[in-house]
Amino acid sequence: MFKKILIANRGEIALRVMRTCREMGIEVVAVFSEADRTAPHVLFADEAYHIGPAPSTHSYLNYPKILEVARASGAEAIHPGYGFLSENTDFASEVSKAGIVFIGPPASAIKIMGDKTMARQAMLKTQVPVVPGTEEPIADISRALEVANDIGFPVLIKAAGGGGGKGMRIVNAPDEFEDAVGKAQRESQSAFGDGRVYIEKYLEEPHHIEFQILADTHGNTIHLNERECSIQRRYQKVIEESPSPFIDDDLRTKMGKAAVETAESCKYVGAGTVEFLVDKYRNFYFLEMNTRLQVEHPVTEMVTGVDLVAEQIRIAAGQTLSHKQIDISTTGHAIECRIYAEDAAHDFAPSTGEIVMLQIPDGAGTRFDGAIRQGIEITPYYDPMLGKLICWAHDRESALNRSERALREFYIGGIETTIQFCRSVIKHNTFREGTYDTHFYTNFMDELHADLSATTEEVLLVAGGSLFHHQNQIKHGSHSSSSKKKTRSNWVNAQLGRNK
Amino acid sequence: MFKKILIANRGEIALRVMRTCREMGIEVVAVFSEADRTAPHVLFADEAYHIGPAPSTHSYLNYPKILEVARASGAEAIHPGYGFLSENTDFASEVSKAGIVFIGPPASAIKIMGDKTMARQAMLKTQVPVVPGTEEPIADISRALEVANDIGFPVLIKAAGGGGGKGMRIVNAPDEFEDAVGKAQRESQSAFGDGRVYIEKYLEEPHHIEFQILADTHGNTIHLNERECSIQRRYQKVIEESPSPFIDDDLRTKMGKAAVETAESCKYVGAGTVEFLVDKYRNFYFLEMNTRLQVEHPVTEMVTGVDLVAEQIRIAAGQTLSHKQIDISTTGHAIECRIYAEDAAHDFAPSTGEIVMLQIPDGAGTRFDGAIRQGIEITPYYDPMLGKLICWAHDRESALNRSERALREFYIGGIETTIQFCRSVIKHNTFREGTYDTHFYTNFMDELHADLSATTEEVLLVAGGSLFHHQNQIKHGSHSSSSKKKTRSNWVNAQLGRNK
Amino acid sequence: MMKFEINANNRSIEANFTGESSELVIKTGENELRFEAIQVQPGVHSVLMNNRSFVVGVCPNEANRVNINGTPINLELLDAVHLHLRELGWDSLKEVKAGLISAQIPGLVTKIFHGAGDEVSEGDPLFLIEAMKMENEIKSPIAGTVKRIGVTEGQTVEKGTNIIEIE
Amino acid sequence: MMKFEINANNRSIEANFTGESSELVIKTGENELRFEAIQVQPGVHSVLMNNRSFVVGVCPNEANRVNINGTPINLELLDAVHLHLRELGWDSLKEVKAGLISAQIPGLVTKIFHGAGDEVSEGDPLFLIEAMKMENEIKSPIAGTVKRIGVTEGQTVEKGTNIIEIE
């Protein structure tokens, strides 16, 4: 086993990886940018190296520098976390060339799955279903109609040149087809200067469901069941859970097999995630494979009891998987809420500044994977995710209740966060009933935001009284609302005293 | 089910109980003393009532005032936590008389088990073994020798008038008996002005093992296995774990039955704990029964998955137990470290002051039941326990590794704590091997404290450099070691600005 | 005793406040409420109102944004003077909408949509600012004419930097 | 460059410090170490020494108590002057042991064992103070004669209150 691992990342995932390393008796090396000198991952680590200025292109993406640190520190392996260099084939190759172990899949697997077309072509050689459609843009309208009839209506016409719904049309019947293609082509031309369109099967009420994969270097590949990730806002996941309230055992078995087949098709090694779309009829289609640890991996850890980072490290050290497929069973239900430094009331604008007060929820079944601290500054340089709140309980309803309790308990003062937004989602009937799909946010946006800004008379009076009090405080130049002298710590007193 | 519960306690246990209440959809009412106006349990609660000045005799023990609050708030039940009023029969009776439900056993059970003599006599009517010995002080030396022979040597001679080891003698053989009694009587007389002594069986390498009990009002009583509580310092538990590394399945079954019988003997209702002493030969003896939630209850929750507070509330509401004995099974291993505001290097003197920096460990299998916050003041008025760190993992070794990681990650700045002391215990070979008994602290005190103050050359240089730097900072009247201007939160900036 | 109107999220309530320290008596309609606040951290208060417990964040930079148990509320607290002015036809809210638009977050100004002299309507995009890997579009709070532009495209700005003035 | 002797827990090391801000070069024997400190909270520093990471708490009230990654260390940092004084027969440590004993914790003084004029030895119990439900015995740090007693039994004292003076 490795004696020392460098974690080429920051924030919650760096801390997450370091925790497991330390439990395994492995020393951890942190890297940090100018902006992160006192970040939690630096304070946690055994060693920490400055690698450049704040912008990530000059620090966390600066892999020659990171390799230099790995060599200088004597680290035997590098864990890339997610994001940054985790899916960079050049980095993976360079690490290996330097005689250091890259904790992740071989560069070849990253390459195949990193390219949508290559991935789709790889899948077509397997039994794993992909979303049916034309692989080339429509040239001949009657040939296109044949394809559409083969796929079965409704079909989706999608612009080749761009996204965001422009040049997109749902066609319900053959007689609307030609007209719709024409409109989509013109709209696409005007929006992107590119009139080419594709046809794809239109999935009704689609679910985003992904399977966790583990594969070792000895040819063993297993899956650890699914995560339901349909709660998204602009393709960004907001809340994930496991098990999915939509998937039954039969479908789970089938999709699990497909996920394993997907991983095997690219000779996958390590932890990976196979993403599927599942329509209302429970047809599932391969979407993509993420060749790294996923943000939402803790929900799988909470229900299976498997430490995915420990498995990654064991696999990278050449060990066989700790579990066979038959040993994998799940207990209870886990829900993850992503907490962002964003202002939900103002179109999720990022929020920066000092965390002036922090109370992280805790207690039974309550886990927060984060990297924040009272007094720390949230800077504008990196992803605005502050951490993930994962709640586990025996059943889904208890996990929902626990999540709601924990979100209510969570207090971050000084910046805006999505804590309350997550609470609105958790409280929403459709979410509680588990009958949601990827349209959830779009469908219920207004309700969610109305809930966010709902105000009782009581709350209005508290707000008014507080503002009045605050203004008075400022008027009278006093911070303290208590006339009682506050005793401070020795540490602080002494400093204050000596500096007078 | 109740709509509103008053929690007649403070600190971590108040917060612990409130968390479960809120998950059950029950509103929580806090009470607080003058010193606790901004304590975490007050900020967490739906309602909070001031009940008196800081000393607990005038606030948390002032039960007429607490009853008044219960009535005013419309609380239907009172949870007493542990300590304070939790084992006060008068309080339990008064609550019931006021038409409010006391979340705990009937006053009669508290009374029997609260009196050592009554409890022992109750046990003698059952099959549950008690430590053999004389029930009255020794009057006749030859009669006493008969008893000693019946019990079997070695026996313990104990002073009736006081404790602390004075007037105590271990007698290994009959021919030493008379002499030893005389010495013990004289020592006892001189120490306590009371020369009376008892005889009790001397237990070799004793373990303090307790069983968690749940009993409902419908006559069902179950146990939730044991907690090993032998790591004690001056009869105060330091670290607890479940399962006990000393107990096998056979003994577990026998002791579990005895624990259930104990509870049934006093018509127990609610959550309770039956404490036993177990000697090196695995003989077990009833010690006492605690008629309340125990500090260390989370280790049982972590391995059984049962929320003990939820069960207490359900039982108090007249529901039947959620589990039958046969449904209780345990998974993995849990270890609890109690974190006190005490200075282990100075004979565990209590430490007060402001918490200037706080980083609570988190991540998989890591739970902290506490009630602290950065910026909060630890006052001298109450028990110095800051909270409990409970780590769970699949097996004991992983739980030990996780505990060590979490203790290393735990940072409380501004006051002294027992975090490092717990780490010394967890790292100690005898503890890791699980071969310890209640003599652990006395036997290894010197080693533990040597480990606590062990210093490498590297640490010495860091200490020297830091002190030099700190003195320089003070000399130059600057707090900030960084020349870079620190951006602060809007909230703070605005206040600072306006107050200039 | 002072009379106030509290407005937020399309709700409005009238109340009388007595006291001016951390302890108030708030009267509204038939109700009389005891309000008590204590500072927990700068800008964060623990409030007990008739023994109901709230954690309140007050963010004085963004005029009148208050955060109750984590929920942000944009508040208008009108005293007798403001209420009288409104009776005379002045709308205090409109006054607040100043034409000087500054960066609410530090970041990189990637695009400025207008030049000096351009006419803009309320809600028109003014500029883009990139922070935390995301692009944020800043819209005009008022209609008017662009008077001055304080930065150039590609410039990195600190929080609070003035970007555009509209009159 | 300044020469120091660092003593703690029966260990002693000589080192030369260069620099006097947050960045030092520490030389000891053959080793040269880059030491860099930055304040995280008042009294808490993050230290990197040759890239090894430490969280250091400095508690200046209790002379020279430093806390490294949670472990408290009672430190003696002797500069050239002190080292020279020691060569001349002065022991700087003894000097520090002042005869004025104050309450290290706030609490209730339940017992005072001596009266003015009493002789006490080092380690003799001076008084009992009760805090957090526990009784704490305070021992004399030096041998001498009780000069003055500042409180009476049963009195509640704040932290830092002078209890007994010994000379």
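Order of writing sets the chain letters: A, B, C and D. Residues in each chain are counted from 1.
Definition applied: a residue touches a chain if its C-beta (ideal position, glycine included) is under 8 Å from a C-beta of that chain, and two chains touch if they have at least 3 such contacts.
Owing to the predicted nature of the structure, the values given are computational and were not obtained by experimental measurement.
Asks: Starting at subunit C, find the fewest moves between touching chains needed to arrive at subunit D.
Replies: 2
Asks: Name the chain whose C-alpha centroid is most distant from the C-alpha centroid of subunit B.
Replies: Most distant chain from subunit B: C.
Asks: How many angstrom lie between the CA centroids of subunit A and subunit C, rounded to a whole number?
Replies: Centre separation, subunit A to subunit C: 32 Å.
Asks: Measuring centre to centre with CA averages, how many angstrom lie between subunit A and subunit D?
Replies: 49
Asks: Distance-wise, how many Å sit between the C-alpha centres of subunit A and subunit B, to the nearest whole number?
Replies: Averaging C-alpha atoms per chain gives centres 39 Å apart.
Asks: So which stretches of subunit B touch two or more other chains?
Replies: If we look for residues of subunit B contacting two or more partner chains, we find 43-44, 353, 356-357, 374-375, 408, 411, 413-414, 474, 479, 487, 489-492, 495, 498.
Asks: Residues of subunit C that contact two or more other chains, please.
Replies: Residues 38, 40-44, 52, 55, 57-58, 60, 106, 159.
Asks: Tell me, which parts of subunit D touch subunit A in their complex?
Replies: Going through subunit D, the ones touching subunit A are 38, 40-44, 46, 48, 51-53, 55, 57-62, 159.
Asks: For subunit B, which residues count as touching subunit C in their complex?
Replies: 30, 37-38, 42-49, 73, 375, 487, 489-495, 498
Asks: Quick one: which bits of subunit A touch subunit C in the complex? Just the residue numbers, please.
Replies: 341, 343, 345, 349-353, 356-357, 374, 379-384, 408, 410-411, 413-414, 416, 419-420, 423, 452-455, 457-470, 472-474, 479-482
Asks: State the interface residues of subunit B toward subunit A in the complex, per the touch definition above.
Replies: 15-16, 19, 22-25, 40, 43-44, 298, 301-302, 305, 307, 331-332, 353-360, 362-364, 366-370, 373-375, 377, 394, 398, 401-402, 404-405, 408-409, 411, 413-415, 474, 477, 479, 486-492, 495, 498-499
Asks: Show me the residue ranges of subunit C that touch subunit A in the complex, using the header's touch definition.
Replies: Contact set of subunit C toward subunit A: 4, 6, 8-9, 11, 13, 15, 17, 20-22, 24, 26, 28, 33, 35, 37-45, 47, 49, 52, 54-58, 60, 64, 66-75, 77, 104-107, 131-134, 136, 159.
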